[in-house]
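Okay, handing you the structure first.
By letter and in written order, the chains are A, B, C and D; residue numbering begins at 1 in each of them.
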């Protein structure tokens, strides 16, 4: 799914539920950060080795996947409110990173 | 761009620079959270009205777009390390949200 | 309570429960960020006016107080691991802020 | 320094600079999270062993101490706006933790 499609889907979901009034830039930025905190919780006490072991449990994997998805969902809604084209933004950021960290040849 | 393509692009970028050894689950989760903090900085002191006004400045808009992109980039790299299919994860999370918050008809 | 006393109390609490091995710098930094996310959750959807109204409910106030305390507790444990004297660090940071933002007279 | 004294000092600092109008609950919560992100940056790419090594550099140690102090400063200002007594909140949270995780004797 492109961000454009994801954005349309999420905005339709939200509007059907009358949540638009809550979706201010600050609220959505805070929401993305809240979900980031819930994602971090999965990395709190385990070592990297233990994480790579415990992710073999499908329930654990799904729980982490859900949290990553939640952050992405709120970021997409935030981009929508700010008129940011995320497909383009991600593309351009990778290009900038390529200039910032050029390959040594 | 689908997450699958984004993932491939980012992994190739990283491998070409020899950064793989730094990309452990914990490091990538922390990195995503660091970028989230930089994103939040844009919403720190302005009201929602002021944010929607200041976003009219293309430089400001690009700066915020870059930060959102940075969070997405690290989340995609984290999903890669954990073997999570982000296209599917986001799709499934939206379905779950639909069941959690059904439309009252 | 000074940070020095708080630190001693928290370290004794932890050692009595055999948690020392989990208290690495990265784990404690992540833990502080997890609690910050839980704190932010209280500010996610309400306006500032609504927050100041809902805080009149003692249960709500206690819930927020608990989250702030949790962040402080993990920061104190992190400072302990790094050999940072928090009483001095806070004092010195305020002095630096005073130099950075001098009073216009 | 007790939180009570810290609070008084920070509020006086702020009022002398006319910053009161910016210090709404949401803005202060976001600010604390921004500083948390800056703190996390120090734990992004190094292992725990490398962190404990690099902290021997006084400049590095001071930089991390400053970030922890910044988070504490914003949390204290947030508690002030919400009428939360942080000395008591931290004390009570430790008591609650003691009940939640009793010592096995």
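List of remarks:
Note that contacts are C-beta pairs under 8 Å (C-beta built on N, C-alpha and C of every residue); 3 or more make two chains touch, one makes a residue touch a chain.
Please read all numbers here as calculations on a predicted model, not as lab measurements.
A count of contacting C-beta pairs for A-C and for A-D identifies A-C as the more extensively joined pair. Rounded to a whole number, the gap between the C-alpha centres of subunit C and subunit D is 4 angstrom. Averaging C-alpha coordinates per chain places the centre of subunit A 26 Å away from that of subunit C. Note: centroid distance subunit A to subunit D, computed from Cα atoms, is 26 Å. Counting partner chains per residue, subunit B shows two or more touched chains at residues 26, 29-30, 33, 36, 40, 43.
Chain contacts here are complete: no pair of chains fails to touch.
Residues of subunit A touching subunit D in their complex: 26, 29-30, 33. Considering their complex, residues 1-3, 6, 9-10, 13, 16-17, 24-26, 29-30, 32-33, 36, 39-40, 42-43, 47-48, 51-52, 55, 61, 64-66, 68-73, 75, 78-79, 81-87, 89-94, 96-98, 101, 103 of subunit A touch subunit B.
Within the complex, the subunit C residues that touch subunit A are 22, 27, 30-31, 33-38, 40-41, 43-45.
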